[in-house]
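Pasting the structures in now, so scroll down.
Look for chain A in each of the two complexes below; its partner is chain B in the first and chain C in the second.
Coming up: the complex of A and B.
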């Protein structure tokens, strides 16, 4: 199956006071048509920057390089600014973490919902409003006509995120990138929003890149998952593979942190140690200061193992030894 | 929006009444008006007579009341010196000051907005640095000095523009530019800092993620949000300009409100000074009201907050 979005060796450098921050250090992942692709990892591992790179929203100061970065087999690194802009909305759209700050406080829901549709000339103003109303109804923001006249501060957090979801679907995108879409919401709302997102994704048949640091969510709704650590993807595969038989020590450590997967009684064990600074020259495995299996070879080049099943991981441990570990 | 406007207007009326009353009190408290008006050689009888003539022997509250009734009917009393109605004195000079103030304001806004936006787009670049430098010098240069430089260069050397009086529109060019130069730095800086803050907001990222053209993101999403404090500052600046600029009016020999006030304060012309106070209070109140209404019109959060 060919990938809708394919990233290989994606690096992003950001100049900071202490030098250059190697924020992404060779991110490799494929998102297929119609799947839910999760990206997990601790805070600061580069999830949001990966999303920004996909969305073309990296900060101006950042430099992006990639061995391959293709959308539907077209090279994204060679696209002009205008071509990229034309993709934002009709091809790729976004849902952000905090719906209060992500919506403009002084524009009505209706204005914000329709402006992308109109800017891409997908139809008339009344068609835009009709589409917006239809989507708002579908995500449970009712009565749609009245809601469209309202402003973000007049809606609850859950409703705002529903508006964000509806808004992201306005131009019939093929891929929606959702960066921690439920983190800012209370727990009951989180479940509703995730379910809604999943329903919409299925119904529209679109691909969803879901960024989260909750492996429970991943196990629930994702088809495949990439685990990120210190700016790189350390493991990738189907959810059954990665959650069921994790190959990388970091993935295993992450799963150990999870109280409700596995035995219910198991205590939450935070991973000891800290993520290395990404400003210096990093060689070897970035996880080795925290890895229980770290040894001399981990300071050298780290191979990417890829099994026939599609599961892959970056570690010196051979595929067989992982079962023993 | 309507109830918001009604509340704001009621509040403004209260502010205005308080301001005029306090002003009245302060002016009364500033000394024995009759004595100072009568002059050094006047006898006690003369002073008493003058006091009675001017109505200064009546109780304070009563006098305020009479003044207020008169003021509401457009009668602000007569000048102690010229014996002309105060309203007339004002009306004659208002045109010049108003023209000057509005021209200066328009220039300031037209220059500050693009300047601030431009600087905000590339903060800390050389363009931004140059703009900060210009802003700083604009603020540091005294108006009288700049006025004199303008007069000698554009008026005397180049002979492009008239240098004194207020007969034609051309007469207002130099003085309004001088006034604008002192108003621009604060405005441009506010636009810049507002834009920088707004541009880092999440909703700007959302707007960009929709593939909107750059100018749309900038104008519709960023500038509109950044404009709120700018509108308030503009109102205050216009208020100050309407009070008349003593210095600029003096340098360019424009007989405006500033000159009138200055003279009246000097010679204790109480009715004129009191009228001036009302005028300044009224301009500030009205302008603040207009600014608040404009802001509420832009920002729905202000409308719903009580």
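Coming up: the complex of A and C.
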């Protein structure tokens, strides 16, 4: 399968008071046509910044370098701002965590839904309104005509997130980047919103990059997943591989500290220590100060193991030591 | 239940006024309706439910931050409203969800932790500092941060400060409102461990409010399920999670997403909305 979006060695540095923050350190991943690709990790691991880099929304002070960063085989690093703007909507669109801050409070639902469609000259005003109404109906924001006259503050959190999803689909994008789309929602609403995303994604055959901290969400909706830690991808593969039989100690640690419904007696293992600061010179494995398997070799160069199945991980532990661990 | 009841609510109700416009009379929105429960000494009572179900409003009433319109709340056998502030501070203390907004940014961690003792008024300043120091270490914070400010520490460390502060008056009951919801999973596991240890060491009673069912199942002895201001079901944790009787509880449990690949998204059935709530 061909990659729609391909990142290789993506590095983002951001100047801060204490020097340079190495926020992304060689992120490599491919998003294929029609798949749900999840990026999972704790706060500060770089998952939202990866989304921002894909969307072209990095802060101005950030420096981006990449061995390869291509969209449909075109080099994204050589695109002008205007070219990136032209992509935003018809090619790539976004869904953010907090729809109340992401939606414009002084535009009605109808106005903000049609804004991008009209700016990209995809049709007339009445065509835009018809498409908006059709999408709102599809995501359960009904009656669409009345909802389009309402403002974001008049809607509940679940309805706002539905509006965001409908809006992200307005210009027929090929890729939707959803950054923690259900984190602010109740568990029941979360399931409904995920189902909606999944249905729309399958129906339109689009690709979805799902940024989340929740491995339960990943397990239920994603095809493939990248686990990030300290600005790096530490493990990548199909969901069955990575969540079902994790190879990297960090992925295992994440699963071991997660309370699971129906198993209150299972012992949780907290991950000791804290995420390292990403300033200054960083060498070796960033997880080694919290890793139960750490030894001297972890301070050196860390190889990327890749199994025949496609599952890969960055660790000095050989693939066979998984059973021993 | 052989242990004495330390906290009880009997048919507690409260409504909020919502303005309809300049000239229309305000509408009363019921937030908590006829909620009754008892919490025994040393027990962990979990309250689960979705946002807007009234769980935090219930917590506010237990903390006397909100006065119920009807019903009775008693603490250590005494009507809640009649307890003097200094005594109340020695009985109940809160731990809130957001460790960013619940710590005063302009006070040092030492001052924050000592504050409840000033309200309770049972310790000389020197003793206060000794106890604060002891608790600071007990919750797993390094002493070099004792005089630091909240913006200098992480979210998990802030929640440890909030817990140390809550323990300062040696209270009998901690009201924990979503205490791990703003934390990363790795930190959440650390804080849950801490809650378990402290419970044993200080013979604490917890009211533990959370929308995270797996967390409540883990820590609670008994659980109350709130829905639209009512407690639709309560009982031992094993029963609520193993054999729930109210359809709302069943729906909540069905919506959990375990980290096991290969399962489809659950089907959410809201048909019970019209069903009458259990008393």
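Methods note: the second predicted complex is superposed on the first by the 318 of 325 C-alpha atoms of A that agree within 3 Å, B and C clash if a C-alpha of one lies under 4 Å from a C-alpha of the other, contacts with A are read in each partner's own complex, and residues count from 1 in each chain.
Following the convention adopted for this analysis, a contact is a pair of C-beta atoms (placed from the backbone, for glycine too) under 8 Å apart; a residue touches a chain by one contact, two chains touch by 3 or more.
Worth saying up front: this structure is predicted, and the values here are computed from it rather than measured.
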Original post:
Looking at the overlay on chain A, is there a clash between chain B and chain C, or do the two fit?
Top reply: fit
**OP:** Check whether A:202 is in contact with chain B, with chain C, with both or with neither, and answer first, second, both or neither.
**Re:** neither
Subject >> Geometry of the superposed three-chain model: angle at chain A (Cα centres of chain B and chain C, steps of 10 degrees) >> reply: 70
**OP:** Kindly classify A:116 by the partners it touches after superposition: chain B alone (first), chain C alone (second), both, or neither?
**Re:** first
**OP:** In the overlay, answer first, second, both or neither for which of chain B and chain C A:191 touches.
**Re:** second
Original post:
If you stack the two complexes on chain A, which partner ends up touching A:270: first (chain B), second (chain C), both, or neither?
Top reply: second
**OP:** Would you mind checking which one, chain B or chain C, touches more residues on chain A?
**Re:** C
Original post:
What's the minimum Cα gap, in whole angstrom, linking chain B and chain C in the superposed view?
Top reply: 5
Original post:
Can you pull the chain A residues that chain B and chain C both touch?
Top reply: none
Original post:
Of all residues in chain A, which touch chain B in the complex?
Top reply: 55, 57, 85-90, 93-94, 96, 98, 101-108, 115-116, 119-120, 151, 153-154
Original post:
Considering the complex alone, what residue numbers of chain C touch chain A?
Top reply: 50-51, 154, 156, 184-190, 192-193, 211-215, 217-218, 237, 241, 251-253, 255-266, 268, 270
Subject >> For the chain B and chain A complex, residues of the former touching the latter >> reply: 201-203, 205-213, 216, 220-221, 224-225, 298-301, 304
Original post:
Which bits of chain A are touching chain C when the two form their complex?
Top reply: 42-43, 157, 186-192, 194-195, 198, 213-221, 239-240, 243-244, 253-255, 257-262, 264, 268-271, 274
